[in-house]
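Some structures to go through are shown next.
Here come two complexes built around chain A, the first alongside chain B, the second alongside chain C.
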Partner chain A sequence: MADPIIAGLGVVALMGAAATIAGAAEDLESDTGSMSNPNSQVQLAPQMGNLHRIFNKAVSGEPVQMGSWAGIAGSIAFVLLSLNLPAVMAIAGGAAVAALVHAAFATSSHLGRIVSVSKFKQPLFLDVVTEHLGPIAGHGFIVTFTIVGVSYLMTLPIQGLAHPFPLPMLAVLWGITIGAIGSSTGDIHYGGEREYQQYPFGGGIPVRIHGDITRRAELGARNSLDAVNFCAKYGGPVTGFCFGSIVFFSFWSTVVGGIFGSISGAILPGNSDTNTALAVGTGILLIIIILIIIINNRMEVFARNKYGPYLK
Partner chain B sequence: MANEKGWGPNSVDKRKTLAFGVVGGLAGIYLTPINPIIGPVLAALGAVCAIVWGADAISRVSSYGLGTGVPSIGYMSLAFSLVGALSGVSIAVYLGPHYTWLGPILGFVIAMLVGAIVAGLCLTVLRMKIPILMRCTIELAGAAALSVLGFSAAIAGSYALPNLLHSVIIPGYIALFFILNTMAIQHPFNACLGPNENRTRTLKLAFTTAFMVTGIVGLIAYPFTPAWWVIALVGGIGWYISVSAFIAASKEEAAEVKWTGWWPHDEEEFVQSVKEIKE
Partner chain C sequence: MVVDPLYIIGAVAIGGVLIGGGVHFIPVGGAPAAIATATGVGTGTPMLAAGGGMTGLITAAAATTSPLWLVLLAGGAGSALMLGITMLVGNWVYIWGVGCVPSSAKVKYDPITKYEQSKFVTPGTEGHGIPTVCFVSGIIGGLLSGFGGALAYYFLYYGLIGTSGYAIPAGAYVSLGAATLAGTFSLGLFFVNSVIASFNIGGTIEGFHDPKFARLPRGALACIIASAVVGGLGVLLVQGGSF
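Moving on to the complex of A and B:
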């Protein structure tokens, strides 16, 4: 039998890896459908006379969307686990059902939004729907599989983990979290850079260019797959790194706190192991947060000094 | 305004959706105990009625330019109606075993009361200038409470608190209902908003999302009720019919449906430029 702390650290490393993949896939999935911030501009484009061939996946904000899909996958996995299926198969089954629901919602939102601007002669291109559904459902499958995987690992009876919440609830909570991270970290790389590529970067998006999105690609009309190809180089990985480090550090600190818990129990009889573990874990987490704030500040100061003051 | 074909944001009478949601939702929930197979199916169908009503209410309030606020108001209404619905069924337990039947109606009323308080705060403290905010938030709260109670009763086979605790709250499905019913209620209008929104088409999509949730509820009800496959089957059939109607309506109302190609004016420009090159 392995040392429980070592086993816990191993599981936490696996959770961090799964979360990194989930973050990257979530951002790329939202770019495929031009969700969240870029979406309002895609919606506005036909009204400003700019017809396009971009997928308009207005399902909702990313947190609600990913919470729903991860919740569906988690609940189905919960049912399949109660049938004594192996965990990997159960989670894959849940994620497969969630992917089907995802594809149905994506189709209805594109049809709905495009038809609602028919006044401006925006055609409904059916190949846009069929072309994008695969990448949308596929990326969604990866996200729900890894998110339910992280939630399942959290419920395992390991010191520092063993969460008392049931799997469907944890899946919903983590789904909402990944949606929020994907929306806040990843979107700038599509919304600010790629969607307004014909304008100089860094100038913001003034009201007069609203709706004038880049509609032509290197060859032919631009579609949302071009945006994914662009974002996969930086926006997706950076989102994955962000979410992966959040998951890794928050669980790493509680597992490491567990070491101090057992020590304090030995020194002071009657002292609760769990409370000490939680207190030390939270302390470590606070130090990590302060360090990250300092690193961010240093990085921004370095960038400003290196690339000069902003021009007026 | 409806156009000459009867398409438009006012193409559905709001009193009809209100009656459909309230009567259908409450009837479905109260008919749950009649039979272990038919009862849960009726409860799920009651929740479908409530979702369609909620989708209509959210469409009316969001037409005042809420934009990105459509999912937010859906989220908010589910949050306070979950509190209301569960308080209602809990109060029925305190009243005694003879008053279990009061649970759903109490939950429905408390949810709408909380909705009224929230809408009052939005109007007075936040000073939101949306004239129908009060009415629509109350309607949304009622619809959301009925949808949660309906799906919960479908899984538990009863609307009594001990059954709901065992089959819905302890397995964590209540969190799924919170987010999935938000999705089902807000998605129809969020997906169909725009200058050419047609409420009939929006509500066809509402049936689609509601039946899809019913199908999921059937699948996850497997460990708790023998009616699980009937609920899933009803959800699947209902989804197929409603999604076919929605796709047909979308194709009919679209400016143009094409398998592939360019957008209109560029096509002409393109043909022109090819001609010029040839000449």
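Moving on to the complex of A and C:
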């Protein structure tokens, strides 16, 4: 039989891999629907006289939205698991129902968003609605499937895991977290670069050009699928890396800490051995945090030296 | 272990202040930051604080059966880890995806590194990215809000397992029902206090060096009042007998 700590690390690595896919898909889903803060520019564009064919479904915060979809998928998967369905089928069933709800939400929110700027002569393109719904629901399915998968693995009675929260609740918590991450990382690539690609690369977006978003593609009018094609090369993967790292390192406190003492998440009672393991594991997390601060500072120095100051 | 109702109200109130106070440290630039027009993380204050808090709650709950100091430490570390990695990767996108230098227009020099800021700010913007001072401030905010969520979770959990409905079942070491309810309650506490803090700072802040940080005492007062009321509801939840 495999060493319990090695088995725990293996499961955590699998969770990290699933979370990486979830993060990348989440960012691309939000780029398809202009879900996060860059939607402000999509909403502003018609008011500045720039009519567009971009999908906009931002009627709630991205974390709340992803928490809802993951919660729906997790709850249905939980029910299907209690009916003794195989885990993969149960999770896929939950994610499929969440994808249907997601598509309905995307349709009504896009219609509402576009109608709200109709007084600025922004038309509603029905082909834009039908073209984008598939990729939105598809990316959403990948996110909810992997998030519920990660949550399911967390509840398994494995050393260092066996989390006390039930599957639906873990799904909601990770859903909110992944929404916050996607909104904070990959969406900047969409908002700060792809939305303003007609301006030179290498700088922030001055207030005077707000609303003047790029509306022409290589051929014809640009739509949100073009944005996904672009962001899939950088914004999506780094968002995946971010969420994957967070999920992976979050369990170092219990799994790697377990090397220094007997530990099994919340399954074993609090004894000195467990506490030592948790204290060492949490100490490792704090060391990682200090390393992250140093790495960030080195990056800042690199950027200052590489790009230099702005010339008058 | 029977938890006095006043302890629950006190823990939730202090937890709320730590969450609300922590949010003041987290550098969030909202929609302007998402298009590299303002310094900070490009999302809304309550969203980022809640996202960090959720990770802290998950790591704190994994230490449910441990002593209070360890639950607090696990919560703080989890929350700070989430914010740290998110800010780091956010800076990757600012530097290599958008092509700008992390800098702030609100201070001439970074108070920690003493790097000059104004020369690196794109004209017409208020800065972009997450310079070192904002990054360190965000880590402090993550630690504080993680402590706060874990504190409320710990006392509610132990309050609940003292009741017959949520007692730890024979043969188990943890009450899943109590952990779930305490976790849900702490989740709500995160949203309540991060929204109050967001109102107080007007949506965006760069960290402890931002002039808006001076509003912290007013925000903390609002958070302690709101959290004490939430704590009272928590006592009803535990002692009310309706569950």
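We adopt the following convention: the second predicted complex is superposed on the first by the 294 of 312 C-alpha atoms of A that agree within 3 Å, B and C clash if a C-alpha of one lies under 4 Å from a C-alpha of the other, contacts with A are read in each partner's own complex, and residues count from 1 in each chain.
By our rule, a residue touches a chain if its C-beta (ideal position, glycine included) is under 8 Å from a C-beta of that chain, and two chains touch if they have at least 3 such contacts.
Note that this is a predicted model, so its numbers are computed, not measured.
Trainee: In the overlaid three-chain picture, which partner chain does A:Val207 touch, first (chain B) or second (chain C), both, or neither?
Mentor: second
Trainee: Look at A:Pro166 in the shared chain and tell me whether it touches chain B only, chain C only, both, or neither; answer first, second, both or neither.
Mentor: A:Pro166 contacts both chain B and chain C.
Trainee: Going by the contact rule set out at the top, does A:Ile181 touch chain B (first), chain C (second), both, or neither?
Mentor: Only chain C is touched by A:Ile181; chain B is not.
Trainee: Contact-wise, after the overlay, does A:Gly235 reach chain B, chain C, both or neither (first, second, both, neither)?
Mentor: second
Trainee: Given the superposition on chain A, which partner contacts more residues in chain A: chain B or chain C?
Mentor: Between chain B and chain C, C touches the greater number of residues in chain A.
Trainee: Looking at A:Gly61, would you say it contacts chain B, chain C, both, or neither? Reply first, second, both or neither.
Mentor: both
Trainee: In the overlay, answer first, second, both or neither for which of chain B and chain C A:Ser40 touches.
Mentor: both
Trainee: If you stack the two complexes on chain A, which partner ends up touching A:Asp127: first (chain B), second (chain C), both, or neither?
Mentor: first
Trainee: Of the partners chain B and chain C, which touch A:Ser250 in the superposed model: first, second, both, neither?
Mentor: After superposition on chain A, A:Ser250 lies in contact with chain C alone.
Trainee: On chain A, what residues does chain B touch that chain C touches as well?
Mentor: Dual-contact residues (chain A): 40, 61, 64, 165-166, 169-170, 172-173, 176.
Trainee: What part of chain B is in contact with chain A in the complex they form?
Mentor: Of all residues in chain B, those touching chain A are 67-68, 70-72, 74-75, 170-176, 178-180, 182-183, 186-188, 190-197, 201-202, 205, 208-209, 212, 216, 219-220, 222-223, 239, 243, 246-247, 250-251, 253-266.
Trainee: Write out the stretch or stretches of chain C touching chain A in their complex.
Mentor: Interface residues on the chain C side: 30-31, 33-37, 41-44, 46-48, 50-52, 54-55, 57-59, 61-67, 70, 73-74, 77-78, 80-82, 84-102, 113, 115, 119-125, 127-132, 135-136, 139, 173-174, 176, 179-180, 183-184, 187.
Trainee: Which residues, counting only chain A, touch chain C once they are in their complex?
Mentor: 36-38, 40-41, 61-64, 163-166, 169-170, 172-174, 176-177, 179-181, 183-189, 191-193, 195-196, 201-208, 210, 234-235, 238-239, 241-242, 245-246, 249-251, 253-254, 265-270, 274-275, 278-279, 282, 285-286, 288-289, 292-293, 295-297, 299-300, 302-304, 307, 309-310
Trainee: How about chain A: which of its residues touch chain B in the complex?
Mentor: 40, 43, 47, 51-53, 58-61, 64-65, 67-68, 71-72, 74-76, 78-79, 82, 97, 101, 104-105, 108-109, 111-127, 165-170, 172-173, 175-176, 221
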